[in-house]
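The next part holds the structures, each set out as structure tokens.
Common to both upcoming complexes is chain A, partnered first by chain B, then by chain C.
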Partner chain A sequence: MSSSTATPTYVPKTRVGKVTDYVDSRVGGSGIVKEFGRKIFPDHWTFMFGEVALYTFVILLISGTFLTFFYDPSMAETHYEGSYLPLRGVEMSVAYASSLDISFDVRGGLFMRQIHHWAALLFVASVAVHMLRVFFTGAFRRPREFNWVVGCILLILSLAAGFTGYSLPDDLLSGNGLRIIDGVMKAIPVVGTYLSFFLFGGEFPGTMIIGRLYVLHILLIPAVILLLIGIHLFMVVLHKHSQFPGPGRTNTNVVGYPVGPVYAAKAGGFFFIVFGVLAAIAAAFTINPIWNYGPYDPSPVSAGTQPDWYIGWVDGALRLMPGTIGNFDFEFMIPFPWGVNALSLNVLIPALVPAMIVFTLMFAWPWIEAWVTKDKREHHLLNRPRNAPTRTAIGVAGVTFYCVLWAAASSDLIATHFLVSLNDVTYWLRFLVFFGPVLAFMVARRIALALQRKDREIALHGRETGRIVRLPHGEFIEVHEQVDDYKRYQLVAFESPEVMVPTPGADGKVSLLDKAHGRISRFFFEDRVAPVTPKELAASHGDHHDEVAGAKDRESIASH
Partner chain B sequence: MADSSHGAPGTSVTVATPGRELDQFENPGLPPHRPRLSDRSRSAEKRAERQVALLFLISILGTLLFFVGYFFIPLNETVERLRLQNLLLGLGTAFAMLGIGVGIVHWAKTLMPDHEVTESRHEIRPESDRQDAEKIVNDILDESGIKRRPLIRNTLLGAAILAPLPAIAIFRDLGPLPGNSLKQTMWDTGVRLTRDPSGTPILASDVTVGSAFHVIPEGLNEVENKLEEKAKAVVLLMRLDPEELNPSPGRENWGYDGIVAYSKICTHVGCPVALYEQQTHHLLCPCHQSTFDLEQECKVIFGPAARPLPQLPIEVDDEGYLVASSDFQEPVGPSFWERG
Partner chain C sequence: MKALSQRRRHPLAAFALLLMALLVTGGLYAAASTANEAQAQTTTFTADDVEEGSKLFSANCASCHGMGATGSQAAPSLVGVGAASVDFQVGTGRMPMQMDGPQAQAKPVQFTDEQIGQLSAYVASLGAGPAIPSEEILDASEGDASRGGELFRVNCAMCHNAAAAGGALTQGKFAPSIDGTSEKHIYEAMVTGPQNMPVFNDANIAPEDKQDIIAFLKTIEEQGSPGGADLGSLGPVSEGLFIWVAGLGVIIAFTVWLTSRSS
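Moving on to the complex of A and B:
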């Protein structure tokens, strides 16, 4: 009644206006609408991977919540009484029994389990592919380094979420997975045995692990993921999205579609598409048929088993590592005053070293590259992968290293499917894990440079039309057609850094670090292809008769 | 803020390196907008509209399909019925979602404006803000007096370092200490070897040359912590021609007439070594392919394991059943620091 505030000047007229005014006058939303309603987002198909990751995470939350209503994480012993006949009366844990019940006695339960599992696989995959996109296009450069680090942590968390969930059904397959984790953990020097006993609540398998993994899986890990997604998206808004170079796109602008309505419609619609595709996969393709595996028992194991894809590379590394080479043993018995302790490098090296190398390089890459290029400028324009040949080649080498280890997780299946010796497959993969990345590096860099040269060729001489024309004096030429200014700009709008030669400091000496920098800079940028300059283009037009002749011929052909 | 500048020249992308002439192409600006079919033709626009509506209709049908699967396919005891229901629920959801999703995207691509818009980027941190923030932080620090009073600062540091320790220590009761538990199994002098999982004892005469038995100690099925004991005690029993075994000194009588028993738990990371190649007398772990040679006391001949499988010394009791002569002489399973 007592109105100390000024009378409102804005009187809503439409119904939508009234509703929004009601909300706005209480929580102040008009600022948000003003900021985001027409915010511009650049469009490119590679920008969708991050969206896929976000949407699969939402689908995981929805389907996962459904599953928690029926799942019981208890390792107490029970006898199965559900609908699935072959297992009726079998002794098993309550967790496994409730997973069977979800599959056989809850309508839609199997569908939810399958969509949850498929979504989990796609979640990790889309996070990984999204990071590859960011890496290969240089989107991690200033000012986005921290967001890259947040992404790296999210990748690790998505692996953790996947693995903790994988173990929950307490079936034979996942139980053997836990057994491997237990074995790896026990190999850790000094604290390993204690870690294992604390995690499992005593000797393996104990009765605690499923409940503990459950809390991590449904509470702790998703909460941290959600928090980091918030930070991640906040930074995306803060930095504004990066964009590929092209006509009209500069380092100081964003070109794209406004959130409302086009971008929101496309992105929102895309959520339903991801959901729909996952539903179709879950409808048609069985995943993790736990009823075929039986309850966990330390004695049996199935041959030809595979972990979920994202754990495969660690499992593959475990397979490739030899326990002994000749007479050299990778397990050391170290005598101490208090007794002999065992150090199992045959387990520790493959379990930790590849992951450490990959993740260390990943976390540190933005700073490594900034040091090599000495480039501290802000970058909002992406690189086409070919225009950063050495970075691209290093990325391809990393992917190759990963894929060899991943293939190693299927060494037994490769052997049985292709009828080759299991031992030979292992020997080959051991060789490839070291030389594959080197080979991939060289090939990828050559391909990138070749593509750059091709771009130069097109920018200078235009595209090949495939039309062969015979000139009056008998010479055959192929008619080239000049590209338009917009297309050409797409081909020339990039920077090609040059080798930085170390220069003496104030004392007239070149420091060791500078020398090292010079060598690495040479390694990175010695082979380079420069973008076409207007001068070169003009020159190529001047002394080149192709287009001229081609144009003449075109006229003469047209006049016939 | 936002201006659509189709065809207008923009600024150059790259930054000139000092000391070098800028010889780069001018940014030609956004290419001219190319009208879509639905922009030019009224009938194409109508057609797109009908397509979007059709996609939404497909979504409605998908939802109905879900309900058909949910209410009219009763589950029985066959997996086939479950598969059918799963298929209908899944396809129903897929159509329901794809109909909406593809419909909206089609709507956006054909009927909503497709003019690209340019917005300029702003500085992440205006210089004036930075100076203000720095001043605020310094003022806060000054007013708190933390710099001027080292006694307070140092005692606070000490307290802050110590305070989280209970939060770590409180997790101590997550599990018991290992003690000797990893070095002992249920096997002991006179414990009978029984079949896994039935628990029936094994007569030495039942074990023919070339056969293999999965073995658990007698009484395992009755103990309370069955899985933990089983995870250590499972054994593989095989009979070979005694000529093919080459026992080392001191282990000649660990077997009985070519019958030998080895731990089934891989010395790599603990998977069950479940595959027995009868012809070559090799044991293979299906998880990581460690291969053990029975003729060399289960020495590792391939793969990531570094230690032979421990052998269980066995003999035959008065009734002809196989029994253990003692527990394993070394810890079974994967290595651990205290293994010694």
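Moving on to the complex of A and C:
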């Protein structure tokens, strides 16, 4: 309750005042506004991807509602009689015909279809980038572990929302996508065929699947996403926003702008920017031209059949998996009491294993890292990615693994556009899917450590200006310019955990778990660049107060 | 007859009978079916054309295809490939071939229409083969585009892509984009199966069906992209690339702008 409404003697004078007071004295909105309006959010461009995800979701809800007015999720057969000539008279499902009608015969329908689809691509992309930001800055650490998990579930739900939506037009492209899902499901031993028959209401493609996916797409999945977004944002408010380290920024405060009024205006404006960018893209660039693909028919598969980008990596894994290696065909016939069941590992491994690895590591990461560092403290100050070299390197390795599989989904287009053999592309990507992440890990860690050393160098000796000065006695030196205190603080204020050596417990023995922990701790923190200590800083300051190189520089120059 | 009945248990009798049966059925099929019938020449070639074509062939093609087009280690015999084949290969610039590779690639045409006609006449004179199609069958306005679309999706789109934008084959081979290809060359490609393309003879796809396919291709070529820039008609890969690079790129530029301070 604000003080104005709490005071019984308050009498509003203007008409707006009267209306506001009437509402506020009944719902108490001013208290919420006062509390929430004073919420501080730190400013950094990387903090805005979550907002992009939220806004694209709103755009998806709005454009999706428009589409439901005209879309008919029926798989009944019909002959197209709409205005797109090259499909006139073709036999197709009502779902496909209504999607074509939205595209060609509903005013503004094609624009709405395109903005919905582009927004879906941007939605998943912004969720992914937002999660990468959270990972690389260490924002998942205590107390935000649960919010990280909620975010992971939101990612999976956004993939599900995308995939169910992709299938709705019932065109050839989406039908081929469903066929792959059907194939993967049937590869699951024993229950696979039952699952497939349950989902499709009989043998693929059946007459049920579009209606079922439609209900999932417009009802269940968005409702759960909305609920989890609510929980996600509630926890953001509860935990307060994390911030990058800087002078005056501590673990117990948040330095930034209050929500009201500037930040709220900025955020509201940003919604319209995202909307505008998507509208411009939807107006000028075609997406999912369903009229090209034709109605679904189980026999043809056209070249360039790919899923939308976020499912691409699973498609890529399926493409990379060899059907057989020599005479080994990855297929086992397992005798059960009721008969022989096939175990098709050449489908199950690529379809499920990469996703399982990535998602398991993703969900468990906050606890894995907490176990490695044995750090139970709350963290509201973020890491610069370079200041956590091993985590950053593991993240880069994961991104590389993902990107190799992602590239594999477009192996045919890589072949035609770079004039190379499709077979060679596949062989190289098979090699890279195993060795790429290892290589990326080593390179990323080296780069992170090198950047830390550079930071150290700059904190101690200042920035190289490139100005060479000749001293009176003939010596040449390069002038170093000291960075200001604000900048230096950012370079020196970080924690650098050290290797934890396993210590014997009460029984005087080192347990196996402790030994393993010691090894992993060494792996994580053996190569470390210690932050500059105040002592080192003080020592170097003496040299540098004049703008000319100090004793160390003189030494190094003299030695050359 | 006695000689025949005496040899009926000869070890080779069964083979002889099988051979005879095959010859009879094959011969009957060939006689009954029009599939393998060489089409009547729709363009008439004169003896002069053949003569000039022979000279052009010796000067430009014989180094690989051999004198008399009988083939060599480097290139196949052209006896019986027909005028349509020459008209396609030379008329799209694929022949003379620029370089060895997985398949001959299109390039600027090296001969005039008259010379291409003479070369076609010469090769057609060596043995019967698919002829250059007539003007009537190439008239796209006579075809049924939606029927052609169905035929295209069933027979062609698996290599050439649903929007005829082309696609990859194995070992560096590829199905090219059909955008901008003339009606005549589309038809000739179907009947002769150039490079790695299978032959779609008149038994696979009747001439009227080919006309429908051409009508479909010309319709989608002329109508352009109803939804704006088509990003190469390559499907979700180019769409994903676009949203990551252009879409997210613009959004990031805005986020940097929104969080920058006027310091």
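Please note the rule applied: the second predicted complex is superposed on the first by the 524 of 560 C-alpha atoms of A that agree within 3 Å, B and C clash if a C-alpha of one lies under 4 Å from a C-alpha of the other, contacts with A are read in each partner's own complex, and residues count from 1 in each chain.
Assume a residue touches a chain if its C-beta (ideal position, glycine included) is under 8 Å from a C-beta of that chain, and two chains touch if they have at least 3 such contacts.
Quick caveat, the model's predicted, so the values are computed rather than measured.
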First (chain B), second (chain C), both or neither touched by A:122: second
Which of chain B and chain C A:61 touches, first, second, both or neither: neither
First (chain B), second (chain C), both or neither touched by A:469: neither
Which of chain B and chain C A:229 touches, first, second, both or neither: neither
First, second, both or neither for A:477, with chain B first and chain C second: neither
Partner chain(s) touched by A:413 [first = chain B, second = chain C, both, neither]: second
Touching partner for A:312 - first (chain B), second (chain C), both, neither: second
Contacts of A:160 with chain B and chain C, given as first, second, both or neither: neither
Partner contacting more residues of chain A (chain B vs chain C): B
Contacts of A:287 with chain B and chain C, given as first, second, both or neither: second
Chain C-contacting residues of chain A that also contact chain B: 84-85, 103-104, 110, 114, 266, 269-270, 273-274, 277, 283-284, 291, 297, 299-305, 411-412, 422-423
Contact footprint of chain A on chain C as seen in their complex: 102, 145-150, 153-154, 157-163, 165-172, 174-175, 216, 219-220, 223, 225-231, 233-244, 246-248, 250-252, 254-256, 258-259, 261
Touching residues (chain side chain A, partner chain C) in the complex: 43-49, 52, 84-90, 103-104, 110, 114, 118, 121-122, 125-126, 129, 172-173, 266, 269-270, 273-274, 277-278, 281, 283-289, 291-294, 297, 299-309, 312, 409-413, 415-416, 419-423
Chain A-touching residues of chain B, taken from the complex the two chains share: 2, 5, 10-15, 23-25, 27-31, 70, 75-77, 79, 82, 85-91, 93-105, 107-109, 112-114, 116-121, 124, 171, 174-178, 181-182, 196-197, 214, 216, 225, 227-228, 230-232, 234, 264-266, 268-272, 274-275, 286-290, 300, 302-307, 333-340
